[in-house]
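Structures incoming, each one as structure tokens.
Across the two complexes that follow, subunit A remains constant while its partner is subunit B and subsequently subunit C.
Our next item is the complex of A and B:
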């Protein structure tokens, strides 16, 4: 089993399939960081995004690009609606974080049931066929879905990075995430930033669901199962650490798939829960790699010690 | 103003009581039985169509004069295919509705509710649950649907003997139904002289099967049997084809529908599925039944054979009610069970003859279907 071609295939397939998980994890981590909400309603947004794209492409036989735009639009509109009509009101009423969390869970279930009533429970895909032709590159099968998925997820990550770093709205999101009250004192409209955050998260979710729905069957309850991966990645990657969540999503995907080389396949699902358990108990602030800052401070301490000795 | 005297109030009360009693008597003129199936949740894609089929059968029986002139009444409750909800539904049917018999499906639900049916002496007819364990769940649990050891065993035997495949790989969902079916396939295939070279269970929530499939690929099998659920079998097979596995792939009745071919395109060619009921080409009644679906629902039913069995299950129940009524026997679960075994052979409209065996199994031929030139075609009938 430890054939280089097999290991290469597992690494590539896991990497390609983690494209949508990265987007889901980023969206979840972003809302958690800026809005301070464990937004399980993201599952509902995912459901809405998929069925919007499915309605346009699968039912109305519209072009794929239109379905893509429809999915993005549905996710953004629903995300904003959740913030404006739900989270904002709950903040005004000073609802406890637990109450807000329950609200998000209920909302996702509600949207899943509505989708079930409208679309039924037959598993569906955005495009009629699940089968994507493959090309062999050095013995590794690369499907026609893989490369666009990886590229679009990578582009979305870069775009998010640039948005947060160089746009005023992105910088305001970081400011609100760091200290929302202080940010407001500096004239940042907190509520507007929360809306922007939900819109950006909606874009991530819309893209992720389009990628997922193009290669896998979706039922109204599917997004609830997909959410678990995003939650685990967000917690294990460090709460509030966007890029940690994204990286964890990739690593988790590779570990899950690669685990079959040494463990029975049925353990794949259990691994996710073990990660969640370990992350919550032993790494409540996330798994942090040694940083340059730490080295610098250690060096500073050393220098300080040397100067005291002399 | 007219005053109400104690005598007139008493007379009114008596009249009302008499009226209620008459209503109850009228209610008892119907033959009531239960149905516990998934009407919501992820399993409803099959469950809802099966319930519709049973409703059509009840309507057809009543339209034809009912059972000895009395109406057949079906009380449907939702289980979502979940054992906990199944327990609630069956408890209500047994204790509150007090039906003598009920129809149910989904192996996990049948297993979880078997003690309730046995304790309350209510006959449970499992229709669709294919775990071989269903035959061992007690005196009051019977099946009208061939269990996994019927179609999976027939398929494994045919693959090893007639198709002369020597090395099989099994990829199965890690739940009750998948595990039992995989065990049956492995045992029968090995007994028939074959060798199982890969035995891979996958997580029910998996969305990617690369690792499992690569393990199968490394074992270099002649044939691959996939035992999953309708939501993931097409994806597993698509991923197999993408990863270069061109061997014959087989599965069971869950994939026997046109959508499977649409989803896989050329990747579906050569895939074999089992079917436990005659198709439209075999029986004009089935053809009419499918045409009715297309006309009234706009599509073929999800899991056509299952719906045929559900349709026919109502006729089994009606036949037992008729027999009990003819003999003037009380409509108890105990008598229902005795009469089921007593009648033994039922001629049913959509699935043909059904023989209920004393060991709680049924005898039926298995039809093997194969995708050829983008269509499901009959490959063989095996028993």
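Our next item is the complex of A and C:
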């Protein structure tokens, strides 16, 4: 029998680690929802964000907060540049999804090669040490990285929710996501909204990559695997459903990390790809929870009743 | 000279891969990027059969191709439930999953790679003979695919790609055609993988990863999708140009990323300067006479 403390520890660590997965998934899902692009160039943005923070903190010995801002700035600037110089052009040319896919993937590779030339292929970290002091809470070790990571991811989720709900730019994003041509008829400048979306996604990626780089070693090719996690979460959570993607990222993170209880750790990677394959083949519209179906059907019945009464 | 032979063999294999990929992705309209995994399956199957089971290499090469073909049918049947972007991403999951499996299984050599693969032809007849074999295989692949694309099957593929619903309404079976195209392209890729294994005699999962998919996809699209010669030109240009700097006296740690940078940079330039590809696809099926003249 497994010790409950060990199970608790694995669950907590998995939950804490899923903080950056949530941010990557949200960024990917947001661009997919609003811009309508499977943005594999997010991998390049992740690489740029990490190495910007690493240059400031690891190489120039600057303070952590400056590295954090540098990472965010790099991600936002690169995200906007990709939209303005790449996606906008491709949209104007009515490029096929395959063409856009190649563009995003090749761009990620290009940025990885540039990083290899400048920083080498060895794994690096933002801070000199990956060790974070721990505190025991009920037999579970909670590191000084865990709580800020979980809190910052949760804050980012709340901020995104409020942004989309209450700001003009956020509301325009939702309008463009629903029907971009109709939104344009109502005076919303579509291209500006696409740029805003890439900037917001850049902020998410910058924060996520700073958290990841403070916890684990990164090399130029790391971001591709991290990005695939975001792809799985976005699809399994339901395309267009940001919060579904975020929740799926947490669940997948817990399942993948928690799998060490039943599987050797080297098989963790395979689980992700099985999820990816199964999610798309069997749940291309996302995994629907039964309660939601009930709510929808109940509402439909209510509406039906109302219409009959009138 | 060995280096030149290796480059020519790589170019020949890329032509086979890009042309067979063009069959499924271009002519068939099946947007899957898992082509390199069938290349890997052919390579590993042939290498393991000849090395561990003592099967003659010439037989193991064909069995390797057959294993890739069967594997592709097994993955195509569930995968073709979805199409477009979804199929593309499902194929990424399948490709990376298989490679992860190869990495973690002992009998494939794991992440360290498979070594001591028996050589074929080169020890007896010299490397030139192997170069010739690969070039003949490349030429045959082009001919086969050209023949398919410009024959009755090509007409059916074109109709299915343009309007699948109408195609099925005419009583044609779209699923069997899709599976057939996918299996043929994958079988050819498996054959190329087996040829690769018995020349270079060392296989690692990294040789078949998503970057390889991106490279192949690029050869097809930059060369000219749905054309017989586009993937050939794409394979030659994108394999040979990055090699140009191999003769510069640069450290290995610098040369690899620089070649990668050159490759990806070229792709991006081609994509924006000549998006239709180096060879642009005309109408494959042109009427014999202008309708007005008829």
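In this section, the second predicted complex is superposed on the first by the 288 of 310 C-alpha atoms of A that agree within 3 Å, B and C clash if a C-alpha of one lies under 4 Å from a C-alpha of the other, contacts with A are read in each partner's own complex, and residues count from 1 in each chain.
The definition used in the following text is that a contact is a pair of C-beta atoms (placed from the backbone, for glycine too) under 8 Å apart; a residue touches a chain by one contact, two chains touch by 3 or more.
Computed from a predicted model, the values in this text were never measured in an experiment.
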{"item": "Overlay on subunit A: subunit C relative to subunit B, clash or fit", "value": "clash"}
{"item": "Contacts of A:93 with subunit B and subunit C, given as first, second, both or neither", "value": "second"}
{"item": "Which of subunit B and subunit C A:106 touches, first, second, both or neither", "value": "second"}
{"item": "Which superposed partner A:281 touches (first subunit B, second subunit C, both, neither)", "value": "second"}
{"item": "Subunit B versus subunit C as contact partner of A:273, first or second or both or neither", "value": "second"}
{"item": "Partner chain in contact with A:184 - subunit B first, subunit C second, else both or neither", "value": "neither"}
{"item": "Contacts of A:116 with subunit B and subunit C, given as first, second, both or neither", "value": "both"}
{"item": "Touched partner set for A:38, first subunit B, second subunit C, both or neither", "value": "second"}
{"item": "Partner chain(s) touched by A:132 [first = subunit B, second = subunit C, both, neither]", "value": "first"}
{"item": "Touched partner set for A:224, first subunit B, second subunit C, both or neither", "value": "second"}
{"item": "Subunit C-contacting residues of subunit A that also contact subunit B", "value": "113, 116, 120-121, 266-267, 269-270"}
{"item": "In the complex with subunit C, residue positions of subunit A that touch it", "value": "38, 89, 93, 95, 97-99, 101-103, 105-107, 109-110, 112-114, 116-117, 120-121, 224, 228, 231-232, 235, 266-267, 269-270, 273-281, 284"}
{"item": "Of all residues in subunit C, those that touch subunit A in their complex", "value": "25, 31, 33, 78-79, 81-82, 84-90, 92-94, 96-97, 100-101, 103-104, 210-211, 214, 217-218, 221, 253-254, 256-258, 260-261, 264-265, 267-268, 271-272, 275"}
{"item": "Subunit A partner contacts - residues on subunit B that touch it in the complex", "value": "40-45, 48, 174, 200-208, 210-212, 214-215, 217-218, 230-232, 234-235, 238, 241-244, 259, 262-267, 302"}
{"item": "Subunit A to subunit B touching residues, read off their complex", "value": "1, 3, 6, 9-10, 13-14, 17, 113, 116, 120-123, 125, 128-132, 134, 136, 141, 143, 212, 216-217, 219-221, 225-226, 253, 256-261, 264-270"}
